[in-house]
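Provided herewith is a single structure, encoded as structure tokens, for subsequent inquiry.
Chain naming follows the written order as A, B, C, D, E, F, G and H, and within any one chain the residues start at number 1.
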Amino acid sequence: MNEEIRSVLEGIKDGTVSIDEAVLKLKQSPFEDIGFAKVDLHRKLRQGACEVIYGAGKTSAQIRAIIDTMMENGQKNILITRLSEDAFGQLADIENIDFYKEASIAIVGEKPAADGIGKIVVATGGTSDIPVAEEAAITAEFLGNEVTRIYDVGVAGLHRLLSRLDDIMTATVIIAIAGMEGALASVIGGMASCPVIAVPTSVGYGASFEGLSALLSMLNSCASGVSVVNIDNGFGAGYMASMINHVSIPGKE
Amino acid sequence: MNEEIRSVLEGIKDGTVSIDEAVLKLKQSPFEDIGFAKVDLHRKLRQGACEVIYGAGKTSAQIRAIIDTMMENGQKNILITRLSEDAFGQLADIENIDFYKEASIAIVGEKPAADGIGKIVVATGGTSDIPVAEEAAITAEFLGNEVTRIYDVGVAGLHRLLSRLDDIMTATVIIAIAGMEGALASVIGGMASCPVIAVPTSVGYGASFEGLSALLSMLNSCASGVSVVNIDNGFGAGYMASMINHVSIPGKE
Amino acid sequence: MNEEIRSVLEGIKDGTVSIDEAVLKLKQSPFEDIGFAKVDLHRKLRQGACEVIYGAGKTSAQIRAIIDTMMENGQKNILITRLSEDAFGQLADIENIDFYKEASIAIVGEKPAADGIGKIVVATGGTSDIPVAEEAAITAEFLGNEVTRIYDVGVAGLHRLLSRLDDIMTATVIIAIAGMEGALASVIGGMASCPVIAVPTSVGYGASFEGLSALLSMLNSCASGVSVVNIDNGFGAGYMASMINHVSIPGKE
Amino acid sequence: MNEEIRSVLEGIKDGTVSIDEAVLKLKQSPFEDIGFAKVDLHRKLRQGACEVIYGAGKTSAQIRAIIDTMMENGQKNILITRLSEDAFGQLADIENIDFYKEASIAIVGEKPAADGIGKIVVATGGTSDIPVAEEAAITAEFLGNEVTRIYDVGVAGLHRLLSRLDDIMTATVIIAIAGMEGALASVIGGMASCPVIAVPTSVGYGASFEGLSALLSMLNSCASGVSVVNIDNGFGAGYMASMINHVSIPGKE
Amino acid sequence: MNEEIRSVLEGIKDGTVSIDEAVLKLKQSPFEDIGFAKVDLHRKLRQGACEVIYGAGKTSAQIRAIIDTMMENGQKNILITRLSEDAFGQLADIENIDFYKEASIAIVGEKPAADGIGKIVVATGGTSDIPVAEEAAITAEFLGNEVTRIYDVGVAGLHRLLSRLDDIMTATVIIAIAGMEGALASVIGGMASCPVIAVPTSVGYGASFEGLSALLSMLNSCASGVSVVNIDNGFGAGYMASMINHVSIPGKE
Amino acid sequence: MNEEIRSVLEGIKDGTVSIDEAVLKLKQSPFEDIGFAKVDLHRKLRQGACEVIYGAGKTSAQIRAIIDTMMENGQKNILITRLSEDAFGQLADIENIDFYKEASIAIVGEKPAADGIGKIVVATGGTSDIPVAEEAAITAEFLGNEVTRIYDVGVAGLHRLLSRLDDIMTATVIIAIAGMEGALASVIGGMASCPVIAVPTSVGYGASFEGLSALLSMLNSCASGVSVVNIDNGFGAGYMASMINHVSIPGKE
Amino acid sequence: MNEEIRSVLEGIKDGTVSIDEAVLKLKQSPFEDIGFAKVDLHRKLRQGACEVIYGAGKTSAQIRAIIDTMMENGQKNILITRLSEDAFGQLADIENIDFYKEASIAIVGEKPAADGIGKIVVATGGTSDIPVAEEAAITAEFLGNEVTRIYDVGVAGLHRLLSRLDDIMTATVIIAIAGMEGALASVIGGMASCPVIAVPTSVGYGASFEGLSALLSMLNSCASGVSVVNIDNGFGAGYMASMINHVSIPGKE
Amino acid sequence: MNEEIRSVLEGIKDGTVSIDEAVLKLKQSPFEDIGFAKVDLHRKLRQGACEVIYGAGKTSAQIRAIIDTMMENGQKNILITRLSEDAFGQLADIENIDFYKEASIAIVGEKPAADGIGKIVVATGGTSDIPVAEEAAITAEFLGNEVTRIYDVGVAGLHRLLSRLDDIMTATVIIAIAGMEGALASVIGGMASCPVIAVPTSVGYGASFEGLSALLSMLNSCASGVSVVNIDNGFGAGYMASMINHVSIPGKE
């Protein structure tokens, strides 16, 4: 933003920008207002590459309108999360749109080639955690990461996890996804030498209290190098993991 | 209790017990009332063997009075839990009394020889869980069990736990004690082939919420064969483990 | 697991196992990966006898596939929990499958003869707790236990419970199941001389908060020898009770 | 209040009260303002008989000032609750003042003769609940009730409670006081044929969460005829029980 | 129960009862076991008068079976609570059955004449609280009480409540029912000179947390003489109020 | 109310009002009782202008009856909140009724001209908060306020908010509406120089716990001049904002 | 802030400000950095008049340093909240400093003359709420408001509140402060025709859960025109009330 | 760990390791058991460089013993967290030990030169969050990172944060630390293009519920690229940030 301020200021000095124009410009936000939403066109994702729409609670018509606005502004790849199969049905005619049913994600355009530092491992404790895991995995792939999935490796059968030790020891970032007691994050955190993003899920019943049990468990992990996102937030974990896998000095990219 | 009812009834039939005596007898409970407490003399512990006093919130004078009543009624061995070192100081003159500082337990008389089915393993996630573990271990020993301690084997350093695999695989009952994320119970539960009693501890800070995190985690264990006692309840775990290690058909003992 | 490690090591020494085979073998986990699940074939249940599938959240097709894999690997008896009547309808053609409607359990093959130390008593506070109780009872029967059911004996009508005193006094393990205030566990725990597994249920309304009331009540039981499993977790209680009723020194079985 | 309104109105009609006097009178509340407190002199307790001061958080000087105001207004008997022994020390010179240490209550003047319908039974689960019980019992005695105490009769040793069955079956109101799992209220509620006031206490540790466990348990009592007051609120229970033991048609007293 | 014990004992002495018969008799509980429920025939309600069935979670067939058992045992009047209109439809052919739709209550037989000490006032804060209030009111009427209803008198419009001051001042017991902030109990408790039973309701949204807000509010009432039942528990309040309105010395009834 | 008391009193003095009439008059509350509701006709809204009906949980017939009563008593404008589109369908024939679908509000009569001190700004963090915002905005307009809407200006894209700085700096009151982390209230509170009413919404998932997250966040705002209403309570915020925008010395209006 | 941006921009255009100076200026925040704190000198309070320091968790030395910085920058009046008597003792030598013990507030300089629209009423439910009330009252006075205190007027003794009806009906803003059940806010909200700021306090015990009870109660107030600040936040309420009492169109002040 | 297994296996094949030695070796964990703790000597920190001791709940003697064991095993630099000034006093004689009072951290040996990808920014909302921030900052420096501190930049005074925009835009990782409403994480997350680690603190009072408010707020952040550690867990944030700042493909380091 700093750069924009400086450029406006230089414009004023140069006389190419009037004061009223400058005030206006500073106010003009880098998004387009389409009534029910402000479509943000300057996200920190790689320019001209990809953009994200949170689909939950939006009508198909609203989503289509946002996609149109984005594409008119030059976005080539768009990720739509939390999209039901029904809602996708009404968007299926959009060119180059694909649906990832287990992840409840649609993508317009192509997933880019992986250009991260290393690979991201997405692990789950059980089978029921897979939808959250796929949301994380597809998000990470959409953002240019190689992803390895190791599912149903919960700590009650440690041998299942140990059989994938190679993957764990060679990951650049790991996303550990589990409901119930959420112990997977601690066990992986104790094994791995890379950052672990823990995702509690609402899988379970009774005293799991809709994911609270796994959430508290993960926040209290005795392993170092573990941080936590919201319950069932596969997208957030995938996004964070991608950021870590692309970490750099800003400006030197 | 049934036996007592029958014996009273037979006394009536035999004419050796009058009806008023019978009503009285049925009311006479198998404990002695010493004012501030009803000393229970017919506990299900082995007869003439051992008795338990919960020391927290009782004065030394009250504890001494209860001990006296018990001994007068033929109890030979008495366990006093949650006893501070200061409180013990005022009881130290009692004959045959010993203090286990880390467990905050005093024992009057002798720990009996171990007569359980097998051995009990007491495991902790960290060093700070040791006081709870010692409460469990001393309780179990007092109730006639062989106890193996494996401390500071939390899941963040799995190799520490794996190095004690022999103990885990040969236990008859395991007590798994951990604060923070409480994952130890699930990992041990997944390894062992015996019942696991999980004890959440209040060790931790922030979102451990005084042991709530470990409690929920243990209740939601994905491993089968795990049940849970109250936060920091080492005594309860030791008692339960001893019951399991002495399990039998009542009456056929 | 130790035994397996040793046998692999001996194979290497004997020259019958190459190092690469050994690494592979140690990694080869005792389960079969069928995509959406890792079917665990070395569970601690008695070999060749019985296996468990948690049915909730799995499609009939997935359950059928897991059953097939298990049977191909020699499992003779399989327990499927949390199975709706509808879901069972699509599995009803499987040979030797039976449905226990109240327990929402299906069993493939036979319930084995009871071979535990004694009998397990399953008690409930009310009529609404029966589904959880049946889940516990059928599980225990499937795992080789004799089960006595005493239902609707809540503490508000103590005479109902006292009328079953004989059952309570002769049990080897008791499963006490109750919602609302969950007092049944404490009252039975105070009467019985055997271990009590308490199961809070979500029965109730208002300040029962979906079973939280009964859960806290049971965790705080003033009776010794009571431990607790998750809300509505009949399977867990039946499994734990069976373990206790079969307790032994591992290896000396 | 109605009576006062009518009398003011009649005074106006009679000309004995001016309109301004009337407005003033309606505003003049039946209490005296002594700065830091409004001393309420028309409480619904029997007129000229007794008055209550909640001592917690008031200085001895403030309490003394309130007592003085009350006595100047003709109160003969005053109950001061939640009064520490230290605070009482500074009030000990007041004429006719007595301190009930276990209840943390002081009384100025005499406890009246019991004039209720029947007797009030105060029962506790354990020894640690006695301070709350004494607060209830002394309050009830101060308000003109006969009180029978049955302490340390928790449900884990049912015979202790059954030995006092006579007291329970002949009470007019019962106050059931317990911490931890609070089951006492349900068991007594199931036995007794009179109203039961349940008082959860903060006795316990871990998952008792400062009395929450007992509170929820009592609110969910499966016994009819049980209602609940705040955690540790012995005074409230004693007051409510006294109201019930003096129940009548207002105006026909 | 004491009386029964004595009579059995005397039978033994007289030789009219054998010991085995006696043991049996003491075990024979005063209820009939109809499989899915133990129908309690010795409830403390007035003999031969009335009995209660909690309808929620029971099928019409089960309810009909319980009614039949009760009537065969001489019950003349039966109250069925939490009964949906649909469920009632399948019971409508039972002789002398009436449905109170707003209360979701059916009554078999007649409401008895009111025979309490005075009248019970049932008050609600809002219109949405009426179903809970009707459950309380019909229950109280069924148990022999005169009931006055004052609905929609919440504290935000104090004049509505003040307009019913006569009813409040002449009640023998008041049931104060409110959701949201639950202040009605405190305001009525401050006005009335009789016991107040407070019923929090789940009416509200957001931070009412399904009745938690009103529940906590009522438990913390600054007015004396207020006790609380479970959220939405109209039956419990009506039952408790009836007990208070019929209070007496047991045995002297 | 004072004025009315005085006028009744003067009537008595003048002899124009009898004492019984006076008692009656004081009891006659300024509302009309139509059975299921007490229609309040003297609300503090501007006389003859507007009245509010909370539509949730009322049938169309009940709402129509309340509207009729109000209009017969001279109300010209009526606001009905929480009204579903279906329910409105059955009221659509009422003269001069309009439906605001996004706000779930119907208005009978006209929105008055804005007569407040300044303008009210209604801001939301996201698109999903708009229904709550519209409830607030329409309420404020109905009560005579000019409203400026700035939607979808959440803090994760600060430039969107900064682009509306003019509106924020010139508001008389601001309503800040947000779910999830609720940070909007603090950021606006730090920018603006006018009172801010914060409305947490139930928008979010997982650890938003139905709005609890935003509620706590807003209550803990580090900005001064922020107060909070219930989760999703757009009406309450609009009403409060209107009161502030019309603030005056009562009586000097 | 807008004004400053514009003036910087004009400076650039005029050539009186270089671009680097401009960037610097925009960055130069209107506060002074004194190491451990950034002293904010452009608060929205009236210029040159008053400033606030939150004293909790700051050493006397730190507070003194902040005061010095403020006074050097021309602040004449400074409010220090949450200041213990001890901490004040070490600041007592500062010129023109006064301590308000009950409010735990110190003021440097003079309280200004009241210049608000009307008067602010500060009401409390009990005596124990007075410290919070004084924090609110002194804050409001410091910010130029006339304050009327009506303390100990809790709803359990409604006549105490009614006796101050005049004050309530003539207030411009009311601050309603209560712990326990927090009903005061609703009752005052129902009476008054001005905005009410509700302050829950942590006064109470047991199920008041440190103010949670009053907080939820106030958020769920059935009265319109009530908004809520944090538990015990007297300062926040006083500040908000002052803003409302000084409400105006920004720029037209 | 894989490497070690392979090397043991090769030793067997080579005949240089006997089977019993192998079993033993696999069991020999890479730590030294010193009784009360298992000192872990193979942590994933850079070899021979640095090691961490969690000081809370350990005596000075215990800490000294652990340090000794570590140094004997070749550790050159040791970090001790949560160390009180008093406890440090008893360790001050250790060679090359330094104490960072605000962070409650001691370091034995030297902080290494920064060798991360870029710099880590540590930001706090207020002054009271500084101890947590210093724990994070010193930890990060100890692990080889350049750290920039920007303290007291809470969102209520946005200009303070904007003045440090350069630091935020050029960071490789940001640690955002805040109590109360925790909005700082969202605002920074919305500005920055690097991963943000959010640390809720227990700073605040009332409805901050010991950090719960900030924790929930941060978990629900509407900004992408934010993950959360436990309340007050500065060490965990510093450790995680360092891992991110040193991210690489394992094995290619």
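FYI, contacts are C-beta pairs under 8 Å (C-beta built on N, C-alpha and C of every residue); 3 or more make two chains touch, one makes a residue touch a chain.
Keep in mind that this is a model prediction, so the values were computed, not measured.
Trainee: Determine whether chain C and chain E, two copies of the same sequence, contact each other through the same residue numbers or different ones, counting it as same when over half of the numbers at the interface appear on both sides.
Mentor: different
Trainee: Tell me the angle, as a multiple of 5 degrees, of the rotation that maps chain B onto chain H over the C-alpha atoms.
Mentor: Rounded to the nearest 5 degrees, it is 90.
Trainee: Computing the C-alpha centre of each chain, which chain sits at the greatest distance from chain D?
Mentor: Relative to chain D, the chain whose C-alpha centre sits farthest away is A.
Trainee: Cα centroid separation between chain A and chain G, in whole Å?
Mentor: The computed centroid separation for chain A versus chain G comes out at 41 Å.
Trainee: I'd like to verify one number: the distance from the centre of chain A to the centre of chain H, where each centre is the average of its C-alpha atoms, in whole angstrom.
Mentor: 25
Trainee: Residues touching two or more other chains, restricted to chain F: which are they?
Mentor: Touching at least two other chains: 1-2, 157, 165-166, 191, 206-208, 212, 215, 219-220, 224, 230-231.
Trainee: In the complex formed with chain D, which residues of chain E make contact?
Mentor: Answer in residue numbers: 1-2, 44, 52, 117-118, 165-166, 169-173, 191, 193-195, 197, 215, 219-220, 224-231, 235-237, 239-240, 243-245, 247-251.
Trainee: Could you list, by residue number, the parts of chain G that touch chain H in their complex?
Mentor: The touching residues are 1, 27-31, 36-38, 40, 56-58, 200, 202, 210-212, 215, 230-233.
Trainee: Over in the complex, which chain C residues touch chain D? Could you list them?
Mentor: Spelled out, the residues of chain C in touch with chain D are 125-126, 154-158, 179-183, 185-187, 189-191, 204, 206-209, 212-214, 216-224.
Trainee: Which of the residues in chain A come into contact with chain C in the complex?
Mentor: 127-128, 130, 151-153, 157, 159-160, 162-163, 165, 203, 205-208
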